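Letters A, B, C and D mark the chains in the order given here, with residues in each chain numbered from 1 onward.
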Amino acid sequence: MRDGPSRPKAVNIVIGGEAGQGLITVGDILTRTLVRAGYSVVVTQSYQSRIRGGHNTFTVRVGSEEILGPQEPIDILMALNMDTVHFHQHELSPQGTVLVDEKWGLEGNAIFAVPYEELGSQKFSGILALGVVGAMLGLEEERFSGALEQFLGKRGDQVLQENLASLKSGFSWMSSRSGPMHKLSPPRYAGTRLTLNGNDAIALGALAAGMKWCSFYPMTPATSIAETLAIHSQAMGIVVEQAEDEIAAINMALGASFAGAPAMVATSGGGFALMTEAVSLAGMIETPLVIVVAQRPGPSTGLPTRTEQSDLEFVLHSGHGEFPRAIFAPGSVEQCFHTTRQAFELAEALHGPVFVLTDQFLADSYRSVEPFDLEQLSPVRTCQVLSEDTPHQVYAITQSGISHRLIPGLSAQCVAAYSAERLAIADSDEHDEYGHLTEDLTIRKRMVDKRLSKMNEILARTIPPEVAGDEAADLMLLCWGSTRGAVWEAADTLRSQGLRVATMHLSQVWPIVPDTVLGHLQNAREVICIESNATGQMAKIIRRETGFHISKKILRYDGLPLTPEFVLRQIAEV
Amino acid sequence: MRDGPSRPKAVNIVIGGEAGQGLITVGDILTRTLVRAGYSVVVTQSYQSRIRGGHNTFTVRVGSEEILGPQEPIDILMALNMDTVHFHQHELSPQGTVLVDEKWGLEGNAIFAVPYEELGSQKFSGILALGVVGAMLGLEEERFSGALEQFLGKRGDQVLQENLASLKSGFSWMSSRSGPMHKLSPPRYAGTRLTLNGNDAIALGALAAGMKWCSFYPMTPATSIAETLAIHSQAMGIVVEQAEDEIAAINMALGASFAGAPAMVATSGGGFALMTEAVSLAGMIETPLVIVVAQRPGPSTGLPTRTEQSDLEFVLHSGHGEFPRAIFAPGSVEQCFHTTRQAFELAEALHGPVFVLTDQFLADSYRSVEPFDLEQLSPVRTCQVLSEDTPHQVYAITQSGISHRLIPGLSAQCVAAYSAERLAIADSDEHDEYGHLTEDLTIRKRMVDKRLSKMNEILARTIPPEVAGDEAADLMLLCWGSTRGAVWEAADTLRSQGLRVATMHLSQVWPIVPDTVLGHLQNAREVICIESNATGQMAKIIRRETGFHISKKILRYDGLPLTPEFVLRQIAEV
Amino acid sequence: MVTIEDYGTYETAWCPGCGNHSILQAVKKALVALDLQPSQVLLVSGIGQAAKAPHYLKANVFNGLHGRSLPVATAAKTVNRDLAVIVESGDGCTYGEGGNHLLAAIRRNVDVTVIVHNNQVYGLTKGQASPTSGEGFVTKAYPHGVFSSPFKAPLLAVAMRAGFVARGFSGRIDHLAQLIQEGVRQRGFSLVEVLQPCVSFNRVNTFSWYNQRCYELPLTHDPGDWENAIAIADQWGDRIPIGVIYRNNRPAFDENLVQLGEVALVSQEVRMDQLKKIMMSYY
Amino acid sequence: MVTIEDYGTYETAWCPGCGNHSILQAVKKALVALDLQPSQVLLVSGIGQAAKAPHYLKANVFNGLHGRSLPVATAAKTVNRDLAVIVESGDGCTYGEGGNHLLAAIRRNVDVTVIVHNNQVYGLTKGQASPTSGEGFVTKAYPHGVFSSPFKAPLLAVAMRAGFVARGFSGRIDHLAQLIQEGVRQRGFSLVEVLQPCVSFNRVNTFSWYNQRCYELPLTHDPGDWENAIAIADQWGDRIPIGVIYRNNRPAFDENLVQLGEVALVSQEVRMDQLKKIMMSYY
C-alpha cells in the first residue's frame, strides 16, 4: 500500500464549441504538445450524437506531476462560440480565465478577450487560441509548432504555413500582453511519452498479442478500435473487416479463431446484445475470442456518445447456458493495453470468450503513456502445442478441463504428421471428445463438468484487486474500470483532510476471487462502492460472491464521467 | 402450510421406440383417455433431435390421487422396438411389466409377450399395445375408443375403423388372458378435466389475457406455443406471424404492442439471445411485451430437445443498460396459464418487458387440468385509460414512474378528443417527456429514475413464494419453475420417513422480495437449493438479494428432468 | 384539408447542406398531398442521421433500433390498417444491418412505404462504408477503397417483384414528393430509394455528382414490364434513372389475413366466448 | 489420389428416403474428383437437418449457429486460403435466418461454395414454412397456406452478379457432383442450390415433383450472359432449369486484401518490429 498525497496541482483547459468547429484538432494538438513536453494529461471528450452544430467540449487536464482523473473546475475555457461561455461560465475555478473573441463584446472578471480578427483569419481562431493558451501556460512556441507540423503535415504546405502563422500570432500577442497566467511547473518526467487514448491502447494491446483478425460493425464508442487496427493492417499484415452486422462480426471472428488466427471484435451495448448468441457458441466450441465492449448509457440507443458502466451484469451473464468466461475492466490507458493483451493470452489458454469492458470516457481519454516494453512480450501462438502426441480428440476430457486445439489444415510448420484423423471439429450441439454431435446424456454431463472446470485455471490467473491507501481505513472506496483515476484522486483529497482512506480497484471484474477481496473490505470501517451506473452492479456481484453487503453507493448515470469532485460531493452527503 | 403425505400411488407407463413409430399418437390417446376418466397424470416426453429413428420415450405417470411430478421406476414398459427393452429394462419397478412383440423371442421375468401379428397388422402394434395396457389398468374399452375417435376422426373412416379394431383386439386378448395386472383405483375426481401441456396452457393464458399478436421463429421447445395460437387465430381473430428471424419476431411484437395490440414472442435460449437488443428497447420505450423463454440445455445449440433451467441469469440480465423487468417461472401447467395471463397484465401495468421462463419438460408435460374460470378473467385493455385529461406526455414523470400510454391513430372509441398534439412517440434514444430524442443530461437522470422507480409497482405485485410443509423444518427444499412437482413429491417421501421438511417454490423468480423469502429460509435448520442447471443460479440470486448463502445444492444438468428419485438420491449424498 | 403547417417546423441536428433537409420537405409535401392528418401517420425509423427524420415533423413516431424498422412497421400496420405507415432510414440501416428484413418485407408485400435516405455512407458514425458505397470508396477501414460490389436495392426489389419500386433524388423535391405519394397509395410494399448527398462524409457522390447523372424516366416507361424494369434498375453510372421503376398488383400482406376485419384489430373486442370453446376442445 | 473411402461412411440421423443422403454422396464425389484430402477441406454449416451433413464425412467441421455459416466461412477462408471452404446448410438457415449474410457474401465475392439443401421447408423443427415454400403451402402456422412469395435465391444471386450460380437436384447425383466441383474451382462466391425432397414434411415438392420438372441446361446456355441468366434463374414451375446458370470473373474477396501473402495468414509470424514503429508513431 502507498500513502497518497492530496490532489496534484493541475491546469484544467476546456475547449468548447460546435461539432465541426475543429475543436478536436485543437485539442489533439494541445494534448500532444503537452505530453511531448513531459506533462501528464487526462483528456475528457464530451460530444453529442451529431456531426455539425450542438455543443461539444474537449477537456485537457494537465499537470507536471502524475494526474489520474478528470477535474470539474475550469482553469482555462477556450470558447470557440458564445454558447460555450454561457454553458460553462459557472464551472470556472476562482483563478479561471475565459478566452473569448473580442468581437462578442463580452465583459466580466474572468473574461479574456482576444482580437482574433486582428491577429489573423477568423478561420484559424482555434489555432490562434491555441497560441494564446500556450503562452498562458508558459510553454515554448516550438513545442506547439512541432505538433502542428506532425498533425497537419499531410494536408499540404500551404495549410501548414497558415496554421503556423496563426499559432505564432496568438503566441506573441499573448506574450506581449502579460506573463503566463497559468504557468505550469517544469514536468517531473523526461523520457519519451506517447499520447494514447483507451481505444488506441486496446488496439496496440491486441497487436502486441498477435491478433490477426478483427471484424466489427461501427458503433460508438468502439469504432475507433477497429479503425485504428485497420490503419495498421497493411503494416502488420492483419485483416480488419467491416461486417454486415454484429452477428456476422462475431461469427467471422470465431471462424478466424477456429482456423488459427487470434481474433477480436469490438462493439458497444446494443451491438453486443446481437453477439450474445455467438458468445455462447464460443463457450460451447471452446474457441478463443476477445470481445471488447465499450459501454455507453443505455438502455437501447440511450446516449450514444456518452459514458456509463451499466453493461457489467449483462456481459457477465450474456449467452444462454453455462460456460466459463473472464472480464477485464481497465482503469487506465496502460491497463487498456495490458488487459487486452492478457485477454488474448487467457482466451487462448482457456479456449473460450474473454471480455474487455471499457467505456466512452476511457475510450476517448488521451493520456501520457510510457512506451510499452514490447521486447518483453511475445504474441499468442495458436498452434505451438501441436505435436505427434497431440491427442486426436479436440475435446479430450482432462483434469483441468483444457484440451488441445487442432487447427484445420495447418500444415507441416505446426504439426509434422498431420494425419487425416486429426481433424478440427467444432459443433454447437453437445458433442463427444472428437467434437461430433452426440445425444448421449452421460457424455453431456461430463462435457459440462469439463467446460466448467476450466474456471479453476481462470481463477488462478485472475488479476488481484489493486488496493491502496491506509490499512484498516475508516473508509474504503471500491471501484472498477474507468473510474479508477477519479476515485484515486478523491481518496487523496480525503486523506489530505485527515481521513484514513483506502481504495480498491478491480481491473478484472470476473471472476471475483473472494479471498483477494473480502479481507480488505472487512478491514475497513465503512465501504462505499462507486460506479457509473444506477443500480450498483458491482456491489451486487460482490455480495453474491463474497456475502459482503455494501449498502453505501455513489452512482452516476447522467452520461458524464465520474469526477473526484462528484465523489467528494456525494461522500459529503452519504 | 399443508402437511404432505407420502408419495401418491401411481402407475408409471413408458412407451418407447424410434421417432416416427407413432409413439406420440399412442401416448396422446393414452393420456387423454386417462384424464377423461378422471385420473391425474404427469407426462414426460424424451426425444432426440431427429425425425426418424433414434430412441424416444413418452412416459405417462397416472394416479387416482393428485400427482405432481415424474417417476423413474417403470411399471409398464411398452416397447415398440427391441432397443427400448434394452435401454430401459434396468429401470423396471419390482412389479414392472415389459410389453414386447412375441416375435422378438425375448424371455425373462417381467417380459410380457404379445402376439401382435396374430392380433392384427404389425402396422397397428402401437394401438394393439394400447388395448393391452388399457386392460392391464382395468379400464373400460369405451374410454379408449372415444379418445381414439376424437384423435383420428379427421383422418377418415377407414383409418379409424382399423384402429378401433386393433384397440378392441388388444383389449380382449389381454382381458381373456388375465385380470388387470396394474389396476388403477377409481379416480378421486369426477368433473371435467382438460389434457394440457405447459405450452398449451401458455397459449391459452395469452389468449385469456387478450393477446392479439404473436410473432415467432421456430425453435424447440417453444414452437408449439405459437403454433397452437396459430391454430386458434381465425377463431380468436388474432395474428400469429412466423418471422424471418428472432430479431424480426421481437421487433414486430414491439411494433404491434406500440400500436395497441397486446403482444408476445416465444423462443428458446439461442433465439432469445438474438432478442436481447430489443428487450432493452422495450425497457427504454416502455412498451409492454411478454417474452416466453422455453429453456433447453446449452450452451449454444446444446441438446435441442432436452430440458434445463440454465437461462435464468441470462434472462434476468438480458439487454444492455438498466430497466425494470419481471420474470415468472411456472411450476405447473395451471401456473403456465395463470402466470402468462399475469405477465400480460403486468407488462401493461408497468409498460415494459415481462418474461415467462419455462423449459422443455414442462412445455411437453401433459397434465390433467381443471378448466379455467374464464368468466372471472378480463382481458388486458391497452387504451381504456385514455381520456380527455390524459396528458400529452407519453413519458410524463410521475411518482410511480408509470405514465400514460398513447396509441397511434386510435380513434373515437378510445379517446374522444384525440388531438393532433396527442401523438404516440417512442424513441430508443434517451428522450424527453414527449418521447423526443434529447441530449439534455438532466432529463437523462430523471428518466433513469422514472424508469427504475417502476420497480416498486412490480415489487408490490410480486407473487410470494409458495411455502409448504413443516414450519421450523429440519430441511427446506428450495426450487423454482418446472421442478416443483418433483421437489414436492420428494419432500412428501422424506416426511413419510419422519423428517420435518418444508418446501419453497418460486413461480415468480424476479424480483426477489427478501421479506417473503428470508424468514422461511432462516427458520429451517438446513436449506438445499434444487435446480436443473450446473451452477445453482437461483442460489446465487438469493444470496445477492437477501444475503442468505445456500451452500447445499442439488443440480441436474444431463438434459433430463429432475425427478423425486434424483432428489432423494442426492439428499442421501449431501 | 391538411396543410404543411400542420406538420410543424423543427430544428434539426443535421449539417447545413445535407440532403436530408430536402427529403424532409418532400415527405411533408407528400403527406399534405395525401391529405393525411399527423395522427393518421406512423413514421418508423432505425438509427442513423436519416432515422432522426421522424422527430422533425408532427406524426406518430417509432424511432427504434438500427436496422429493425421494417419488422416494427409490418406489425403496426397489420394491427391497425387505418394507419399510414412510412419507414424512413438510411442505406446502412435498411440495406446493411436490416438486409434480412428487407428481403422478408418484399416477400410479404407488407403495405408500408420505405424511404431510404441513400447517402452511400454511414453518416452518424462518421464515414464508414455502407452497402451502397461505390467500389473504391476510401474509408478508414478500407484505405485502399471498398471492394464489395455496391448493393443495388431497386434491382433486388424488382428481381423479387416488390409491389412498388422507385428512385428519387433529394435535389428534386417535387418529383420525390410525387414518388412518396404514389408509394403510400400503393397497397403493398413500396421502396422509395432517395439519393442524398452527405456533405460531411461523402466527397464522391456529391449533389452535383447526382444532379448530373439523374434523369427522370420518360412517360413511355412501363413500370409493369418486369424485364425492362430489371434493365432500368440495373442502370448506375453516368446515367441514373429516377422515377417509378416497377410496380405490380400483388395482394398486400394484411389482405391475406382473413382474420382481419373491417375494424382495426387493435380496436376489436377480445372473443372470450370463442376462447371458452377453444379451451373445452382440450377435453 | 484421394478415394471416396478416405471420406469414410457414417450412420446418419436422416430419414430413409431423404434427399440429403444423395447430396452427401455428391459432395463426396466432388471432393474426390477435386483430389482434396479431408484435412484440406473445411465444411461449415448452421443448424438444421442439412446442417448435420458435415458430421457424415471426414473433414474439418465447423457446425455453428443457425443462419450464421457464411460469416464463419468467410473469415476461415481469409485467414487460411489453403483450405477449401464449403458451406452446407438448409434453405431456412441460408435464406431465412441467414439472409443478410447471403447478401453480404455475394457482394464480397468470398471464395466459398455454398451448397443449399433446399427442401422448401424447415425439416428439423418439423415442418414450418421456409422462404422457399411455395405459395399456398400449408403449415400449422399458415392453415390457409403461405402467402409470402417464394424466395428465388438463384435469381437474386444472378441479379447481384454472384461469382457462380448453379442449381442441382439430389436426384441427379453425378450432375450435382459436377456442379459442386465447378463451384469449388470457381475463385469467388459459388451458390449451388440443391432441390431436395423431404419425405417427412414436404408432401408437395416430392422426388417425382422435382424429377418431372428438372431439366438440364443445354450446352448452348451461356452462363456469361447476364440478361439471359436472369430469365433462366426466374424460371420456376412446370420446368425448372438445373446446371450452371451464371458465372463471372470478379476477383475474390481475399484477392483484394493486399496484406495477404503467399503463406496463409495463420502461419505468418507476428510483425513485432512493425509494431514497435507503429507504437512510436503515437509520440
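The definition used in the following text is that a residue touches a chain if its C-beta (ideal position, glycine included) is under 8 Å from a C-beta of that chain, and two chains touch if they have at least 3 such contacts.
Please read these numbers as outputs of a predicted model, since none were measured by experiment.
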Between A-D and A-C, the pair with more C-beta contacts: A-D
Maximum centroid distance from chain C, chain identifier (CA atoms): B
Separation of mean Cα positions, chain C and chain A [Å, integer]: 38
Centroid spacing, where centroids are CA-atom means, of chain A and chain B in whole angstrom: 44
Geometric centre distance via CA averages, chain C-chain B, whole Å: 41
Multi-chain contact residues (two or more partners), chain D: 47, 65, 97, 99-100, 103-104, 131, 258
Two or more partner chains touched - positions in chain A: 48-49, 54, 234, 241, 244-245, 247, 270, 277, 281, 285, 300-301, 427-429
In the complex, chain A residues that touch chain C: 20, 48-54, 216-220, 223, 226-227, 230-231, 234, 240-242, 244-245, 270, 300-301
Interfacial residue positions of chain D with respect to chain A in the complex: 6, 37-42, 44, 47, 52, 55, 58-65, 68, 70-76, 78-80, 82-83, 100-101, 103-104, 257-261, 265-268, 270-272, 274-280, 282-283
Chain C to chain D touching residues, read off their complex: 97-100, 103-104, 107-109, 131, 144, 147-152, 155-156, 159-161, 227, 230-231, 250-251, 253, 256, 258
Chain A residues within the chain B interface of the complex: 48-49, 54, 247, 268-270, 272-274, 276-277, 279-281, 283-285, 295, 297-304, 306, 308, 310-311, 313-314, 316-323, 427-430, 439, 441-442, 444-445, 448-449, 451-452, 533-535, 540-541, 543-544, 547, 549, 557-560
Chain A to chain D touching residues, read off their complex: 36, 192-196, 200, 204, 207-208, 210, 212-213, 215, 232-239, 241, 243-245, 247-249, 251-256, 258-261, 263, 277-278, 281, 285, 371-372, 374, 377, 379, 382-383, 407-411, 413-414, 418-420, 422-429, 435-437
